[in-house]
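Letters A, B, C and D mark the chains in the order given here, with residues in each chain numbered from 1 onward.
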């Protein structure tokens, strides 16, 4: 991968981290409402994944979507504005944290019903197949989402209909407070693909380069063979499920162990091993991410709320 | 297996066949309404399966339930009366062909929503587990039902919760007009169990003795290990999906080929190989099944319709 | 104009729209090789091919999810639910996804989707397969709910629904496919969201739709023999609900009966009655009566089932009651 | 009597019934180790253990299907849906299975099941997570639908629901867990299907339930300052619907406002209004008004969300309107 791309990925990972850290503060300050699910700890997954897509490849994910939005090219300004419910958010403040999308960036949301977006992903891919192109749809979801019927129906038709879908399970070990082993018949999510005769793989979701490599291979396979693929990325969320999680279900030691395995730290170390990248460059990138986050907060705070006319707008096209 | 049991199984298979043949006539005559799904051709599956259960083992199936009802010990009289919508039917004529059940015979229906009874089967088994007994729940369903979300959610929890369920897929090659390959990612239904790490097997569903042997083994495993098992029985329905099926989806040759493979004929031949069973005995059994069917029709025709008081009864207990 | 059946009218609308726009396609259980469980898409598979007449597994969530996804990227899917009862196996897509995606994402998305589904009782299919739960779907903003009572309306409204950029639930009735009526040939569009006087009269206003229209027209004939002239207003669309013609008629007759096949409680009639009183309170000379299904799951037995379903005699009795 | 919160009252009812009857058990997402998403079952897991406080996968069909199956074989499951919005992901069990199994099989089965679910808007959860679709569930015969507005009613009705041999949908409201009220300690049962006067008054009848009660009580206080005495009738149960106290009050005041949090069209108020006119037509001195949610999917933005939800000021305005 060329240096520019590597540095861009590093920038995105740090930006996601900073944006969410500030988001958490603003949530505590009561400026953000509803549910907010932080991606902190999992940045390597969507960053590696989406770095491997072509712009024409579609992305769709669940409610843990701030990182995905930024990786897809949605600006920190829009993300922050949506969190604050401002009209300058990509969803005009009507969607909030769980509903970030951009047709222009080929990012199809941000969906809050667990597993509900998987059949929709099959539909995006069906649409492309119908129109005769070879776009790939990348659908991300959690480990907990693999136990619901939506998952089964979507994976089955993707195989039966030869749809170009890359199914990506972010196995962060828990669905809310329920450990994978307590909810799922199998502890390796990738094994579920066997029931569909679907090609599958498992990758370290804390290592962005490993994710990128696995995603590249999977995307090529999906595009070339016109068949779906299930990729499991093993990762961990450093924060609670959403704001205000009692976290009775895991120990501080466990969390600590994973935090020592920070995807940003891992990536930084890996980059510094390359002789053409210096610590100064990375520091500069971190400073830029910091500054851009600050600008995003200012932009969001300064942005207007949606006017009352927005209340009845867009219920219908006609 | 002892002779009595073998002859009883033969009697049941012939009785199912005769009852449904008469049922088809009565349907054509307009005396039976709604949907009626004939089991003709598949008799070996439920006969072998249910012969292998203990009375305390629960049975639940889909709408193709006349045979299952008879195997469970529900009388031909009650089956025929229910078909005619008479109050002497086991469901008082309020359920019809698709809703045959008997708490006393441990037969829990007869369910018309494809796949909808699978999670309920998990619940029957959960109830037994909760009460600390080792009853097995036998849940039958079609190949088409394995593509719907209900199947996935039910199989997953049965494994995750160590429930005593024997999942039995009657793969009769089609879900209505859709061949297995056109609807399912895999053509061998048993493979779907791999996604749950569930023990599974496949058996010739036209050979009642093979089904019985496979069921015995599976039921023992489920009871002993307190784990679910998926058994696929390969079979075929000789008649249309329900009354009035245009049958555009299959050729007469194909149907003919399978009909030459009649489960009753196969069983009769196998029985005659045993030196302690004579053709005369089997003829006598066939005559008895014929007579009992005739009696059932007379009983049903002579039975009263449910009175108007039944219209509002049993909507609620209280 | 040609005199054709409801089935032919619906079939015609689908065929014409598919011929007109390559983005229109059908998906659902048995829509292809089988030709449609109710033979509505008979011949489509051979003419349009497997991609545009797509047979699916028995997986209602996959069907509606796929349809919504395809609609998001610009196609115009017509998803068929074998019966409306199976909508409960994929309810989230019908009421929680299709109707909300556009609004929730600030107007970025369009969901030009039609969900066709047949409903209704009277065929002895038992409690789970015989429902007319139309009011349930009409409760959700973002969805349009259409339920025609004549072949002409079926054709004109379905063609419009397919061209609509919003999700439309199109409800057909299992016992009305044989109903015949005059239907304009070729291009014929009717606006969604307009009620219509299907029979003029001066004495009592009967508000109804779908199967209720068939029953009400019969009742009207009988009542006419006794000199009672009812005016029948057909809602045709349950959301958006057009009260215009209903109120106009009611202000003339001052008496009304609402006829629906579904259960009375929390049904369509409740909303229509509430609206009539809100908007024409001073015109009511007698309580508005509702003729609807008895509050029981529909039984299999034919006699019991018919006793639970609204009958022509229930309508005539109600009309006479409001005239007392 | 002790002054406790709605959360404590519900928790108490569950705890007492589990202590009383070993056949009663809880299953749902995060009910155990987590202690309940809304902390209603906090401490239950440690006390009753993993079998009686069963954490489940995120699989609403597995949860409700398992609960129905366990109920069929004699247990008394209390299934928790994390929110009522997720009922749409397992709708068939709620409206098509649990309420129909007994009838369909000729009375052979009993389904002693309670489905607890929290609903309601006002927490900026967005369109898919903020609904109050109570009317939709109340449409189905065979199901009982309860939605209490006070801690006392919550305890008494939930305990009765758990002992009922019929399926009961028990609806709680996400913003009412902190509401406090006097609640009898220990054994306390209230019959399902009885409306109740929560505040006596002579001028206008306000019919409501759940969140609407909280808002209506506030409105009543404000109106009292202006000398307007409203009588508040709390439905408490939506099916079976008890019109007795509603009609009694209306026959006295001759003016009524119905308050609900859900959407107006095809909502609870429509049925209640239709019934009031059917049964007390001559007592209506003014059109009955409905205060309800604006017909839009609920937006995330706080200001817009509040503008869509019924407010105390909407109630006071409606009351003054019917008094005009």
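The rule is short, and it goes like this: a residue touches a chain if its C-beta (ideal position, glycine included) is under 8 Å from a C-beta of that chain, and two chains touch if they have at least 3 such contacts.
Keep in mind that what you see is a predicted model, and the values were worked out from it rather than measured.
Q: Say we pretend chain D isn't there, which chains still hang together?
A: one piece
Q: Which chain is most remote from chain B in terms of Cα centres?
A: A
Q: Distance between chain A and chain C based on Cα centroids, please, to the nearest Å.
A: Distance between chain centres: 41 Å.
Q: Approximately how many whole Å separate the CA-defined centres of chain A and chain D?
A: Inter-chain centre distance comes to 36 Å.
Q: Where in chain C do residues touch two or more other chains at once?
A: 56-57, 59, 61-62, 85, 89, 92, 96-97, 103-104, 126, 128, 141-142, 295-297, 299
Q: Could you list which residues of chain B touch at least two other chains?
A: Residue numbers touching two or more other chains: 91, 93-95, 99, 113, 116, 147-150, 153, 156-157, 160, 182-184, 315.
Q: Based on the touch definition given at the start, go ahead and assign the chain network to line, ring, star, complete or other.
A: Topology of touching chains reads as complete, every chain touching all others.
Q: Can you check the complex and tell me which residues of chain A touch chain C?
A: 58, 89-95, 99, 101-103, 108-110, 113, 116, 118-128, 130-131, 149-150, 153-154, 156-157, 160, 313-318
Q: Would you pull the chain B residues touching chain C in the complex into a rising list?
A: Residue list for chain B touching chain C: 33-35, 85-86, 91, 93-99, 112-116, 144-145, 147-150, 175-178, 182-184, 246, 248-249, 305-306, 308, 310-312, 315.
Q: Could you list, by residue number, the parts of chain D that touch chain C in their complex?
A: 85, 88-89, 91-92, 95-97, 99-100, 103-104, 126-128, 131, 133, 135-136, 138-142, 238-239, 241, 262-263, 265-271, 273-274, 277-278, 281, 284, 286-290, 295-297, 299
Q: Of all residues in chain D, which touch chain B in the complex?
A: 25, 51, 56-57, 59, 61-62, 64-75, 92-93, 96-97, 101-110, 141-142, 144, 164-166
Q: Give the list of chain D residues in touch with chain A in this complex.
A: 29-30, 33-35, 37, 55-62, 85-86, 89, 123-126, 128-129, 294-297, 299-304, 307-308
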